[in-house]
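I'd like to ask some things about the structure below.
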């Protein structure tokens, strides 16, 4: 028993994100974002805000999939949960900060329910279940259209930003405030015992169990944490768009998120940032190509195709598939 | 009571389609331990081709045949070009690659055909004719039963009565041993994917006229329903998937009929959750063990 | 007489690490050659390399004059080589009859299974049973019968005695000798059960750590106490 524990812990002794203190990243990130919001033109600032919102969910997902080995296609639906919660809250109380917290709490609760089921499922079964969750969103908004207003969705009541700043700057600050806090929290979480447990579960469930780690609890916790991140991201998207509708959270959103974390490099928070950047940059590039070609059909679909090709190529080119895309675990003493 | 009977027959008709689609999923799962998440998108792609041909020639049946042939080709192509090279060390790899294919196929279809819904016409009337004063079945429903029944019979004969079927089963169950016995395992896998994709195409052609029509994402919900059907049947069991399809079809029909169509996807999700958590090996299996595959 | 199987300087292994070093051996038609050695000596690796499951890194493998290195696994049986892998490789999801049919499936027209059933009456009784319903001995008979249904000229047999009662092992060995005598079948027999193997073999080859350390007539190996002590541990 103790022998196994030793083996597992030494193998996983050094967490993966140790380069800088999370606090430094937090401060540097905040300075960089503030500086950018005062130099970028409004549209770029808006895009920056979107990257921040995406970063919340990709960071949570990369922890779930990269560090804990669970695949979720339901995070688009969890984002919708956060977004709708915020919209309903704002339209009633118009207290943004509390609304965002409520959105996170509600999504966390929903995530806990899915996570409890997910912890008992593996591979394609988990993928299929979460896929079903992603597909069911429009069905819910249509069935309870008194609350969610069906396909039209809801608009989000927001107070105007402080007079000293533009709407875009304000959006970027809000989104990146959330994103940086998310990354900070996840960095702290994953370098501690929880991160070690997650990696142990991912690498070998039996060994982890023998080492006294509760596999189910670790998996549910990972799912709940990533759900909370998705809830925050959804709420931020509602803030940016000032509206929510099922069309904003299609199945392809969940697939995009998956692609983002696979390409960014699984289990790495910098990978989550790369993924979030791609999620904003690629559709923008596709949009420009579409406009240049004068074809509306090209616009959205070009990005879709490109994401798909990249996903397939990366998966086939990486020897060992997903596992080899993770950053390797290094032992103390190794470089 | 009349309504109940009508919904029952309607559910069986839907269920037959889900059964065919679930059967296609099970064929590939048994052979490669991959759940082909791209099957819905592949079926839509072949349906687009079929309706293009039908529009150009004026013959639905020509389009129908083209859909099946395109399914064979697409399935073989996907196996040869992509799936053969998927690393099997983690079951997630196949899932992720299949999802990448979904994006590619939906993107390409959108670029060629656009993202608005196009009509998908049915070759027979969908108006139910009356039997003893009760409207039960349409000609189209009969066509669906006949087509799915034919597929089930043909596949059963193929797998149980022919040397190729025996080879395919052996290759799926024990690839290394089969190779030692002279079975060209790679070829059998390609054939399996081709057949499964053709069955998926058939299911797509049968279901699209009963839904909103042609759209790159038209099969997303159908896929979930069929996946649920396959899980209900145990994923490893062709017979189970057919029964699972009928069960899901009936459930959806009753729910849509009595509670409203928008509730149906939630019912599918609920069924999937219940089965996965209580009988992960399917309703018809005797043992019940956690799915670790 | 030209050798049926001629292996010269064969090196093979998994990945970068070779398991087999410089293996040279021949099997004549109608000859039973026993490959002996401890666990991990490379016996199974040798068979897996011969049938193409593992690529050879260097060396020559000639079967009836044909270079085996260019032949795919699934074509081996067409050339007359049947490999019964360790653990027997019965397809447990198929019936006994289907397993047997699988063996002869590559032949046209497909051979009758009657001779196999005559050889193994027990299998005839259990025709319709699934592979996983069989006992260990029955599975070994099935695997052997299935290999024979392919009517091979060379049988690569991996640990047929594994997990079987001595009586059944003896039956199987007797059957192999009988087959060899009647049909001229050549057998490359990998065994840990040295006594049984040498009881029917013409020649014994001892592998240790992937190298051939000695080879002699089976009778010599059994009779020579020094050789036995040195290489076979009894």
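Every chain is named by a letter (A, B and C) in the order it is written, and numbering of its residues begins at 1.
As a working rule, contacts are C-beta pairs under 8 Å (C-beta built on N, C-alpha and C of every residue); 3 or more make two chains touch, one makes a residue touch a chain.
These numbers come from a predicted model, not from an experiment.
Asks: Which word fits the touch map of the chains here: line, ring, star, complete or other?
Replies: Here the contact pattern is a line, an open path with two ends.
Asks: If we define chain centres by averaging CA atoms, which chain lands farthest from chain C? Would you check?
Replies: In terms of C-alpha centroids, the chain at the greatest distance from chain C is A.
Asks: Closest chain to the protein's overall Cα mean, using per-chain Cα means, please.
Replies: Centre-most chain by C-alpha means: B.
Asks: Kindly indicate the chain pair that has more C-beta pairs in contact than all others.
Replies: Summing C-beta contacts for every pairing gives the maximum at A-B.
Asks: State, to the nearest whole Å, the distance from the C-alpha centre of chain A to the C-alpha centre of chain B.
Replies: Each chain's C-alpha centroid was found; their separation is 31 Å.
Asks: How many angstrom lie between the centres of chain A and chain C, each centre taken as the mean Cα position?
Replies: 55
Asks: Determine the centre-to-centre distance between chain B and chain C, using the mean Cα coordinates as centres, and give it in whole Å.
Replies: A distance of 43 Å separates the two centres.
Asks: Hey, what residues on chain B touch two or more of the other chains?
Replies: Within chain B, no residue contacts more than one other chain.
Asks: Looking at the complex, which residues from chain A come into contact with chain B?
Replies: 69, 71, 73, 117, 120-125, 127-129, 131-133, 135-136, 138-140, 142-143, 250-252, 255, 258-259, 262, 297-298, 300-312, 315-316, 318-323
Asks: Quick check on the complex: what are the chain B residues that touch chain A?
Replies: Per the touch definition, chain B meets chain A at residues 29, 34-35, 37, 82, 85-87, 89-97, 99-112, 114-115, 217, 220-221, 223-224, 227-228, 231, 260, 262-266, 268-269, 272-273, 276-277, 280, 290-293.
Asks: Per the contact definition, I'd like the list of chain B residues that touch chain C in the complex.
Replies: So the residues of chain B in touch with chain C come to 163, 166-167, 169-170, 173-174, 176-185.
Asks: Show which residues of chain C lie in contact with chain B when the two form their complex.
Replies: So the residues of chain C touching chain B come out as 51, 53, 73-78, 82-83, 85, 89, 91-94, 98, 101-103, 105-106, 110, 146, 150.
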